[in-house]
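Working notes, beginning with the structure itself.
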Amino acid sequence: MKIVESAQLKQFREQCRDWLADNVPKDRPDDGEAMRDFDLAWQARQFEGGWAGINWPTEYGGRGASVLEQLIWHEEYALAGGPPSGCMFVALSHAGPTLIVSGNEEQKSRYLPTILNGTENWCQGFSEPGAGSDLASLKCKGEIDGDDLVINGTKIWTTYAQHARWQELLVRTDPGETRHRGLTWIIGDMQAPGLEVRPIRTMAGLEHFAQCFYDDVRIPLKNVVGEVNQGWKTAMTTLGFERGTGTVAHQIELATRVDRVIEAVKSAPGGADEAQLEMLAVLKSEVMALRSMTAASISRGMHETVPGAEGNIVALYFGELTRRVNAAAFDLLGPHSLERAGYNYPAHFLECFKWAIGGGTSEIRRNTIGERVLGLPKGPKAV
Amino acid sequence: MKIVESAQLKQFREQCRDWLADNVPKDRPDDGEAMRDFDLAWQARQFEGGWAGINWPTEYGGRGASVLEQLIWHEEYALAGGPPSGCMFVALSHAGPTLIVSGNEEQKSRYLPTILNGTENWCQGFSEPGAGSDLASLKCKGEIDGDDLVINGTKIWTTYAQHARWQELLVRTDPGETRHRGLTWIIGDMQAPGLEVRPIRTMAGLEHFAQCFYDDVRIPLKNVVGEVNQGWKTAMTTLGFERGTGTVAHQIELATRVDRVIEAVKSAPGGADEAQLEMLAVLKSEVMALRSMTAASISRGMHETVPGAEGNIVALYFGELTRRVNAAAFDLLGPHSLERAGYNYPAHFLECFKWAIGGGTSEIRRNTIGERVLGLPKGPKAV
Amino acid sequence: MIVDLIPDEDQSAIEDTIVSFLSDMLPVERLRDAASHGGAAESAVWSQLCELGLFGLGLPEEQGGLGLGLPEEVLVARALGRNLVSPGVLAQLCAPHLTSDESVRDALIAGEARAAFAIDQAYVLDGEGADWIVVFGPGGASLRARGELTLAATHGGLDHTMHFERIEGGAGNTQPALRLEVLIAAYLTGIAQAATDMAVEYAKTREQFGQPIGAFQAIKHSCADMATRASAADTQTLYAATVFGAGEDDAVEAAAARTLAKRAAFENAKANIQTHGGMGFTAECDAHLFLKRAMVMDMLGSDSRARRAALTATA
Amino acid sequence: MIVDLIPDEDQSAIEDTIVSFLSDMLPVERLRDAASHGGAAESAVWSQLCELGLFGLGLPEEQGGLGLGLPEEVLVARALGRNLVSPGVLAQLCAPHLTSDESVRDALIAGEARAAFAIDQAYVLDGEGADWIVVFGPGGASLRARGELTLAATHGGLDHTMHFERIEGGAGNTQPALRLEVLIAAYLTGIAQAATDMAVEYAKTREQFGQPIGAFQAIKHSCADMATRASAADTQTLYAATVFGAGEDDAVEAAAARTLAKRAAFENAKANIQTHGGMGFTAECDAHLFLKRAMVMDMLGSDSRARRAALTATA
């Protein structure tokens, strides 16, 4: 327990701040091709500036920043109002790291550079309809036919699939196996014939998700990362890569939102209502806790090699808190927050539900915390 | 949906109010023999006044009041500050009604009059250690030996067992059967040799519960109510007797507590804190809802013959609300509420936990609401 | 005060009629089609709606009404909420109570003149084609001719199935609006109930890990809590309506009903989305419509500060 | 500000020492015996406690302390909370910071003079045998000689394992007590953690319906929520301690820690009782001790109004 910002780190912080101040682009489109182009262009600009792949090893073209440097980068990024990585998120935070750990040399040299320089982006292809939070019950099928894997089935909740060039695709290649066994991780080609992508409109009115339909889609076997039928192992290797620094931006954004509402309530005509301030005081303490939990998580990452299941606690806390903050903002700011104009409160509030649903609902996270952090038994058995 | 207080009912209300004003005793002792004597004396006084067994049929010596009259009685009783029925509760609200529905003539004539006139009181003997909320897993054993049932085992959470004369006792008489089958409902004698009663001190510091230990306790078979091995059926018949009017007193007491705290907060030096008033406004609306839910439950009772599982909704609401109200009282009244003097807030707060634990925890009630009110499947099965 | 909160035969008949009409003509699914938005679906069946005789339900016969009361109106309002009927229909139910001009009142009861709600100094909701606007202000509500108001177009609001026009200026003279408070509570209660029903239905049919998700306590208990919140809001609203004007403190009863109904509608709408998991997050699933509508309708009439004052005034 | 929230080797050693000492000498079970109440158990091991060198932990060496800081003190306070150690021991940790009189300070650090807490204008807690009382007031805290105060006996308080004396009059001159706020938060966090551990342990071993109750989602998710609340309170308290005096807004950090720690201690103590079902309601089960202690300790120092002001002042 100590303050660890050295003179060297302070200098790094200055460097981040200066570059971001000059380069952060504004007015990211909410949706569509324009959003994709914006996200790739911003990636390219970061590449040129030497900031691409902040947490990637230098041997693969990344910045190779230490965990503390990553944290500083993300803090400064959020404070500078940097846009979400958006259409580049999966490539930078998941697909790239997976290739770095489990890909062969050919795969690394083919796919890693085009991520960093912003020319090609990726989407994920894990979830399936009916599988929901139960990832091990995947049904989308891959059959070996000559040098190809022939994919049939569907994937859903694929973020920005309609805008992606490649896909990390998890398919069942051994139909005799169940659960985690018999899966294969393969680099899917979003331009392959037989693949149809249908955007899903969310309740916020945006098309940030899609469903993918595979009808005899042929992907060459050389695109398999790791071994055939060992896809679960490949998927799991990436877990150790993320040190929790990526959530810093969300946390700072949420804290800023609380401060903004406090200001609004305090400057209301007729004076601040103490009951509203009390609600905000609690939310303020909670966003501060989120910051502290994130800091603790990053601290653990500096001392341990493989992160434990504790990350689920932060994820649960964030998912529930972001919804409370956005709901309170609505309630406290009054009727004018209803309108989709200026700061689009409706869209922000409605979009934030994804944090308690996507990537594991709050219910699944509570199961995981109970079982993997606290050691409670699985179950229950039939009664 | 209409107001139903007729001129006749208004007159009944006056009658209740007048008698209660003249007769309600004050300063009920918190615990011990003195409390038992107080409760029985108060029952005797109600008997003399013609108010004993307000909901019992007149043929068994009860008042035979209509549901609306019962409601008025309980309202006036609470408003007059009437004491809880305490040591008489099980006899009046459960054992007596069970005998009325399922007892034979000999049992009725032996046991009912001494309940009404306050000479003999009862306790319940259903729960067992390890069984908790799972009543059907009872293990306390009864073996037929000649004209007796020989009881061995233990019962727990028996309210006021150390003060009771008789006990409604549910024992397993067919060891080959499980769950609801093979149980027998018998009138236990609290003075029988081989029975030891050990009081249980609650976290409030009171001895309102006890554990009973049965070591070859012999109870004559003529004490069996209903048939041997049909005890579950006997236990279930009582359910239809209670029309929800008995909870009116708790509801009025809780509403009074909220009003008292509002007054205290409003007269605080330095002025009322709007944040505290907001918390109290919500609690006020919730105690009003409790009143309305109780009224609806009684209204249903006037139209239906057998109450449904909806009563669990009111019970869940009350159990959770009473704890919130008492906790808020503590929080809002400040340090002086910590002392066990005057109105004993510590004891009241701590005792109120029983409503979310005893007679089915809130968790069990949520199961019941889910399965029996909403029709959700039992389960889950093994995963 | 002793009340019977179960609807009697006549009351049940009124409720059954409107429920059955809405189920046939204005099911929630209609809102999947943008052509039904902004009150358009309601306008398309306006003459049949008028024939049901809803709009004079709670007015004395000498004022051209049916001589019934708030309990009957509340049953209607709750049904409107369940089906997310345009707030204009609820406004039409309220408007005749807000005018002493006989010809205006007659036209509103007959449905020849149309009403809509406005959120205080903010937006008119589904107000296209309306002649009269129910405008709320701190002291209550008043009925204003649409032509008197300065209205501006918007880019739409939180609830995309509604039409929003920005309104300039305040409410003018107002009269006490406790009756409207109870009716808004009833509409919100309808939302809370419908969200519960939808979640329960989904929990029974949707399978995960090889069984209906309703078998899991996380979902089962969430549904039980939804039912409990809806029950609290519902019984209190019915109680407030039943004793309305009979000597109880109407302001306190109405404030309690609104407080509970708001919470039930919000929490149940959110829990319904959560129960539906990923599906609940999509525009295709109707779950989000309940949340959006609840948030907009709650902006009508009293705010939490006013309700707090009422609820803590008389202790 | 970039911090490492994991205790370093020296910090871990301090924590391990006190945790191990408390586990041996002052386990929670001691409170089942009334002879241990009111700080008696602590008095019985006072000399060994003093030998651990806790009471000068956070004071500069030139003031006779060990020259460490609030992080080390917080680890100790959290351990005290976990074992429901008499608040007098926490007061002893705080008291040396509140005096500039060298001889008083030396006596407190050495444990030759004893300290206790008082709740503002209400009660002295476990104050028998104390020489100095840490008295809170609106502006902070001050150290008062016990003899200066007017004290009266009571019939006991909510927490029957503590000794309550009524105190007349206020705090006198006070000095800022933000350090104390963080330490009280740490004590409450210890309670929240211990309640979580106790509930989890019971959920693993207690069977119902033929399996450990922790297999049921109702219990499992309640435990997960307990762990989450404890984690939020704990990390914020550690953060506040780590950055204390380093240029962040200490008042805001301390207020956040107290707000979260209070809630975690209260809610987790209640959930622990609920997890234990009927057993949890009895005096024999230790579950209730955590709730009672949390409620009393939360009365020390700042109230919610003061914390609200701090948390919403600087936005």
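A, B, C and D are the chain letters, set down in written order, and residue numbers restart from 1 in every chain.
Just so we're on the same page, a contact is a pair of C-beta atoms (placed from the backbone, for glycine too) under 8 Å apart; a residue touches a chain by one contact, two chains touch by 3 or more.
Since this is a predicted model, take the numbers as computed values, not measurements.
Hopping across touching chains, the smallest step count from chain A to chain D is 1. Ranked by separation of Cα centres from chain D, the top chain is C. The interface holding more C-beta pairs in contact, when B-D is weighed against B-C, is B-C. One finds 53 Å separating the Cα centroids of chain A and chain B.
Separating the CA-averaged centres of chain B and chain C is a span of 39 Å.
Taking each chain's centre as the mean of its C-alpha atoms, chain C lies 49 Å from chain D.
Residue positions 209, 216-219, 221, 304-305, 308 of chain D each touch two or more of the other chains.
Shared interface positions of chain A, i.e. residues touching 2 or more other chains, are given as 273-275, 277-278, 363, 366-367, 378-381, 383. Taken as a contact graph, with one node per protein chain and an edge wherever two chains touch, the assembly is complete, since every chain touches every other chain. Those residues of chain B that touch chain A in the complex are listed here as 273-275, 277-278, 378-383. Listing the residues of chain A that touch chain D in their complex gives 1-5, 9, 68, 71-72, 258-260, 262-263, 266, 274, 277-278, 280-282, 284-286, 288-293, 295-296, 299-300, 302-303, 310, 313, 316-317, 363, 365-367, 369-371, 373-381, 383. Interface residues of chain A facing chain C in the complex, by the touch rule stated above, are 127, 130, 132-134, 137, 156-157, 200-203, 205, 209, 273, 275, 323, 327, 330-331, 334-336, 338-341, 345-346, 349-350, 353-354, 356-358, 361-363, 366-367.
The residues of chain C lying in touch with chain A in their complex are 119-123, 154-158, 160, 164, 166, 207-209, 216, 218-219, 266, 270, 273-274, 277-278, 280-285, 287-288, 292, 295-296, 299, 303-305, 308.
On the chain C side of its complex with chain B, the touching residues are 1-8, 11, 71, 200, 203-204, 209-212, 214-217, 219-221, 223-225, 227-228, 231-233, 235-236, 238-239, 241-243, 246, 252-253, 255-257, 259-260, 304, 307-308, 311-312, 315.
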